[in-house]
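Heads up, there are several structures right after this.
Common to both upcoming complexes is chain A, partnered first by chain B, then by chain C.
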Partner chain A sequence: MVQLIIRRIGMMILIMLVVALLLFLINEGDPRLIARSILGPYAQDQQLNAWVIENGYDRSVIVRYFEWIGRIFSGDLGDSVIYKRPVSEIFWDRLGNTGILAGVTFVIMVLIALTLGVLAGMKEGSLQDRAISVFSIITTSIPEYASAVFLVGIFVFWLGWLPGTSSMTSGFDPVQMILPVLVLTLYGFGYIARMTRASMAEVMTTPYIRTAVLKGLPYRHIILKHALRNALIAPFTVIMLQINWLLSGVVVTEFAFGYKGFGALLLEAALRRDIFVIEACGVAAVFVAVFTQTVGDLGYTYLNPRIRFK
Partner chain B sequence: MSDHASEPPVLEITGLCLSYYTRAGEVPAVYDFDLTVAKGESVGLVGESGCGKSTVANGVMRYMGHNGDIVGGTIKFKGRDMAEMSEEEIRRVRGKDIAMIYQEPMASLNPSLTIGQQLMEVPIIHEGVNKAEAFQRAYDMLSAVHIPDPKRLMISYPHQVSGGQQQRVVIAMALLSRPALLLLDEPTTALDVTVEAGIVELIAELSRETGSSLLYISHNLGLMLEVCDRICVMYSGEVVEEGTIDSIFSWPKHPYTQGLFGCIPLPHADKNARPLVSIKGQLPLPHERPEGCNFGPRCGFFEQGQCDKGLIPMEGVHTDDDPAHRVRCRRWEGIDVTEAVRVDEVREPIEVGETVLEVADMRKYYKVRDRSLAALVSGGAVREVKANESISFRAGEGETVAIVGESGCGKSTFAKVLMGLETATDGEVTLDGTDLGGIPVNKRTAAQLSSLQMVFQNPNDTLNPSHSVGYQIGRVIKRFGIERDSVKRKDRVYELLDTVKLPRAFMTRKPRQLSGGQKQRVGIARAFAGNPKTVIADEPISALDVSVAAAVTELLMDIQREHRTTLLFISHDLSAVRYLSDRVVVMYLGQIMERGSTGQIFAPPYHPYTEALLSAVPIADPEVERRRIVLEGSLPSPLDPPKGCPFSTRCPRKLGEICDNEAPPLQTNADRHVIACHIPLEELREVEPVISIPDRDELHAAQ
Partner chain C sequence: MKDRKVLSRDPRRYTLPSERALGAETHSYMPELCDQLRTGKINRRDFLRQAALLGMATGTVYAMADQLTGRGDVIGSAMADEMPKAGGTLRVSMRVQEMTDPATFPWTERSNVSRFMVEYLTRTGSDNVTVPYLASSWEASDDLATWVFHLNQGITWSNGDAFTSADVAHTVNRWLDPAVGSSNLGLFGAMVEEGEDGQPRGIPGAVEVIDDHTIQFNLKQPALAMPENFYNYPTAIVHRGFGVDYEADLSANPIGTGPFELAEYALGEVAILKRARDWWAGDFYLDEIHYFDHGEDTNAWIAALASQQVDMVFRLPNNLIDAAQALPFVDIHPVTTAQTAVMRFRITEAPFDNLKLRQAVAACMDHQEILDKAFQGRGQIAENHHVCPIHPEYAALPPLTRDVEKAKALLAEAGYADGITLEIANGDTEGPWMTDACAIFKNQAAPAGINIEINKMPANQYWEVWDKAPWGYTAWTHRPLGTMVLGLAYRKGVPWNEVAYDNPAFDAALDDAEGTLDVNERRKKMEVCQKLLQDDAIIPQPFWRSVYKAANKRVKGHQTHPTLYHQFHNVWLDG
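Now for the complex of A and B:
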């Protein structure tokens, strides 16, 4: 296991470096484009050239790449073109906000999805199974913006229970989190729930569950001790991949509720070519992707004794 | 039988009807089924695959799966009707009063819980004991099922222990709460013979101790003879005959029961003088049962007007051995069932011709890479598995040579080298004068390929599901360049179908439209398509039902007789080996322990391993006496074989250090009978025969 962890972490670093290189080449491969985005559309050719030389962008791209990596490690993410401030000042803040939103959603979503998935898969073909399956298919097929509009309609305009925006202008307010979390959960839980259901249903037909039943174990005990653990092995990887989706997939929801998060920042930066913000966001997204994948694989191995003790 | 006449029987089933509901409608898998199991009694349930044995066991457990149901009859457990018990009561009976053991030990254990956890929960749930006591109970039970090192086992996961040990764990789990009734559904079918022998002995021993009654399901009549007091023969969802072991084995009354006996290669069967007789036809599907007697269409005694009407009741037969012997046949009084299996045609033995295949000192070593850090550091990253070590033997034209041994002994590796799927590491494999050992399959000429063909164990794995039978056979003919003309090729396919006794209409069928035995016949037809000189049959009948196996065995021999084919018969089934082979090679851990003619192998002097193998095979004949030797331990890892004699870790006759340290010498007993052992031949000759067969003809005369 230790050996596997070391190997997987090594792999993870390698993948990060390669993907970061691609990201860097796309954004900073052509120095004149950077100069253009910083100096604006009306800058003359000479100005651009002067800027390139002055800032050392005439050197080879590989040298610049490693410099850039070094700077990232020292916490320097460059300056935002739009805000004229160090990227790190805005970036961590926004990432934190999204972290909170994604974290809360993740916990709630996974809990609901697993419970419903297990309940549905436990008795395949039963009324409870069909009800849950239909519900999860419906919620997953409604896009976030639609459910956002719909829920705002009900809770904000009709019932008046909740605020319609979540900009947190006067400090952090948990009540403002409710709608975004709800929208994300509704959209995202179905996938995990269906994976869990399939896996659970399969486990319930295995001979070892029959053994457990015929040992005279109580139903609860069979589900919790014998079925659950095996049924969660397959969905675990999917659950980890959902973290990924939560980080970048929240863009729409953040926009809909005016929530100042990572997704909103990335969208803004992309629209206005704020190179260094794009880079920082890209690196963060790649990190989360590779990290969750690695944790997913390792967790899968850990949960599965047949692989763990080979 | 029971001495407690006043007590109600442990299990009393009357008029039980069990059905499955499928898209095609209701499938009445079992109907009007009666069975009584007295206290301490063990009752066997035999019959062909699909006759409803497992369904009965599931019905008793009231666990019919999501599409099954109990549609009629009563099941009384210790006098109480189980239908009147609540869910909660049923749950408490399960595992505590009635326990079940299945065929697949690996699949029936939870892969992500330790063996200890799975054992301990039984007393914790049923008797409310604390953890420490549950641990002790589980530990003691593991010792009782003779598992070495139970402490380590308690914390192991199922996949970390061998198949035989897994089955012991399952047995321990079933016996933990000392159930009054134990249901065993083919508990040893998936295991090696030597392991099976140990498990069977264990079950008998423990049930004697705990006083549990047994309902033992198996298709192996030899096993039944050993473990049961009474047996029930099932056919297509109903009992057709029941009685005590002695009564059924000596006076079978139902043509089906007799038919089953005719299918198994008993020691007195002889491929030339007394060939096996298979039961024609197939078990009808539950919803396609004929009017009258279910066995009618397959029965040699069928009488129109008598057998094809109404329900046929069970009738008392009252033999000397068992006054309660009953049979479900209208004509039992008027017929002599032994006639059905008597074949008067005596076949000429095949004369063995010149040597076709010669294997000299063949070795096959596999390299395995050890990827652990420790191995990388110590430099021992590449290790060798000696899958085959100095294999030598010859086979003549028309001869059948059997290669026997437990799983993992290197039988299949040997077959792969012959086929060119692997190349030999050393030595020679000469077929028709050319050394093929080093020539991989893709470098062999069409002639070389066609002269050596193979029949595989599992017909499902080797037939392409998306092509028709005719196409698959035809392609082989084309590839070997035997027939280029497509019309003639079709004729040849027809001929082959005739040879394997399949209707010509099967030409256009897809494999999924065939039964297991039919698929195996297609496999045989394909193997014989290129007129091979030599055919390797790797466990060709072990996946088949007794009656189908008998038919396939006879078929192989008919073809062999006609084409003078050399047959290498790879098998672990010594009864079949004794029946059809001329010579036998006994392998253990990649090495030949003994080789000789069939007569030489089955009589002393034996190699100690041969002796143990012979003693492990149950024989379905109460007259045959057999000395039991149960091997301890399991096959050592081929990565780390014993230094001296490979068998030294389990040998009951082991001499001492010499066996541990020195490879045993090859001692020649008689012409081509070689034994690899340190024990001098004189001493081995003194050993008593394992099996003593009374003279059949004398017996018949006495009757």
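Now for the complex of A and C:
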């Protein structure tokens, strides 16, 4: 197991380096593109060349790539073109804000999804199963920008119960979290619920559950003690993938509610070609994706004794 | 000094009580102006504007206008109906942008945060009339080529220094320095000459300090709108040490004459202003003003207003007016403006260097259809010359009509008998109606063989290319006089000349109009400018748009400014 972990971490680092290289090549591969994004699309060739030489971008890509990697490890993410200050000063705050939003959403979403998935999978084909399945398919089919408008229309304009934006500019306010968390939960829980339902339904048809039922064990005991553990193995990977989605997929929700998070920062940087912010956000997103995938693989291996990697 | 002698022979100040009585000492043009109001040749607003331009004290001007028109003290009685309450925090949803050098502000939003710290020589109100502010009064020579501004005494900067002419001189000289990159270089063209490198620069000696509280501007040509020009968003007066003794960054060095201090400032998030001292100009009811940045999504602005997280939004987009109207605790504040957007050509870039082609494109436009469909008719049609009917010097030209056959003929003359495909850059900088306008115009141009492709891009990206793209749809804000925007946008060599327009006949006609005080005479001269712009077909301009703002009903004393400037000195909160 230790060897597996070491191998997986090694693979994770390798993937990170390769993806970071791609990210770097896309953003900084052509030094003239950087100069153009900073000096403007109609800057003269002479100006572009002067900027490239002045800022050391005339050196080879590989040298600059490893320098960039070195700077990242030392915490230097470059300076933001928009904010006129080091990216690191903005980046960690925004990442933290998204971490709060994603964390709260994750806990609520997983609890609801697992509960509904188990309830649906317990009695496949029942009214309960169909109702839950239809509901989760509908909510997952509605994109966040649409559900955000619907929910604001209902809870802000019509009922007047909730704040319409979540900028937290007067300090953290849990009430402002409700709508963005609701939007993300409605969109995201369906995947986990459907996967849990399918897994639960499969487990419920296995011989050992049938045996337990025939032995006369209480139904609750069968579900909680025997079915649930095995039924949760398959959704585990999906749950881990949701963490990745919650970090990089919250752009729309953060935009709709004015939430000052990682997604909104990435969107603004992309719109204004703030390349050092784009790179920092890209590296963070890749790290979370690779990390959660690795944890998902390791966890799945641990939970499922039938799978062992050599 | 020669100009001072001219002034000293014929002093024209209107600040003493004895001078404020109707019929007492007045500017040589005042009797004529009074007569024009009395006989209905000009309206009350034009009278107020011109009298104020001549340096008349605000109260005197309004009283004189009321007496001449028999209105009585309408303003005073209206004000007496409500008793303002002091205190409270006004919360506004608005982008909180980078706020470094006021001279280079490209956006109204930036100046709205700074204007409660750094102030202006003059102030143009919601009624489009310009009145004294940091300047207590001003004098113009008869030829309008020499302007003397007298500054209020006893004003101090927030660091304790006295406000003097040196501050004004330093500020204006910075504007005229090409290295600063201020758009005011174009606005104050009468103080600008062509340098050895062919680029515009300030004329040495244009700014002359007379004494601690008197400053004179010596212009190379008459300029009508000097007081108006001193109230633009990049014309705030900064401390004499700004950019000299300390970095030219207002957010880092918020030294101002205003009553507020910048208590908190986080770019893209929040700006909190707290009243730190009494206002030298009188009462200021609000204790704090908070600006919250809710991002680019205008739905979020209205959602913030709906949930009473803010009391006011910076502007109300056209597509959200109905939603805001449905909120029982919200007032909609409309204002007729000269805000617009022009489908301007960069005429140094092919194929738009071809006059016939430009005229062909312009001939395809049905202005009314674009206004009705893209902006629900909330405005008035424009005429491709950037002078609005609400401008006092607007001259009515024969109406423009869509003529497809004429467009085809012009296109053939231009060398594109088989048609042409043109790309227009659009960033929806003022809202999605801009894309709608482009799409409607695309349909209007198609029958003439002109295929328009819309290059839709993010707003921020558009502002990177707004003055470079061969063809673009650029929004322009309101300015009180027609001469102002023409001087800023179409005079040769000025920074905001996105068209790259270079027409000596136009420049001469504009100079002539800017030197004419009589509005009827000026109108005749503006007609020449308008016709030149129309004939050169540089800016197909669909319409002028009305602007809307939404505020909670508890916000009292607020009037929407046509340029969305925040003037909160009369604003108070009820409850």
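Assorted remarks:
The rule is short, and it goes like this: the second predicted complex is superposed on the first by the 303 of 310 C-alpha atoms of A that agree within 3 Å, B and C clash if a C-alpha of one lies under 4 Å from a C-alpha of the other, contacts with A are read in each partner's own complex, and residues count from 1 in each chain.
Following the convention adopted for this analysis, a residue touches a chain if its C-beta (ideal position, glycine included) is under 8 Å from a C-beta of that chain, and two chains touch if they have at least 3 such contacts.
No experiment lies behind these values; they were computed from the predicted model shown.
When both complexes are superposed on chain A, chain B and chain C end up sitting side by side without clashing. Judged by the touch definition given at the top, the superposed model places A:R220 against neither chain B nor chain C.
Look at A:N230: by the touch rule set out above, it reaches chain B but stays clear of chain C. Vectors from the Cα centre of chain A to those of chain B and chain C enclose 160° in the overlay, to the nearest 10.
Once chain A of one complex is fitted onto chain A of the other, the partner contacts of A:Y208 are limited to chain B, with no touch recorded for chain C. In the superposed model, A:G125 lies in contact with chain B only, and not with chain C. Once chain A of one complex is fitted onto chain A of the other, the partner contacts of A:K84 are limited to chain C, with no touch recorded for chain B. By the touch criterion defined above, A:L162 lies against chain C but remains apart from chain B after alignment on the C-alpha atoms of chain A.
Contact with chain B, but none with chain C, is seen for A:L303 once the two complexes are overlaid on the shared chain. Of all C-alpha pairs spanning chain B and chain C in the superposed arrangement, the closest lie 49 Å apart.
By the touch criterion stated above, chain A contacts chain C in their complex at residues 40-42, 82-84, 149, 152, 156-157, 160, 162-165, 167, 169, 255-258, 260, 264, 268, 271-273.
Against chain A, in their complex, chain B makes its touches with residues 61, 63, 66, 91-96, 99-100, 102, 104, 107-113, 121-122, 125-126, 157, 159-160, 170, 173, 372-373.
Every residue of chain C that touches chain A in the complex is listed here, in rising order: 98, 100, 267-270, 290, 292-297, 299-300, 302-307, 309, 323, 326-327, 458-461, 464-465, 468. The part of chain A that touches chain B in the complex is made up of residues 3, 124-125, 206-208, 210-218, 221, 225-226, 229-230, 233, 303-306, 309.
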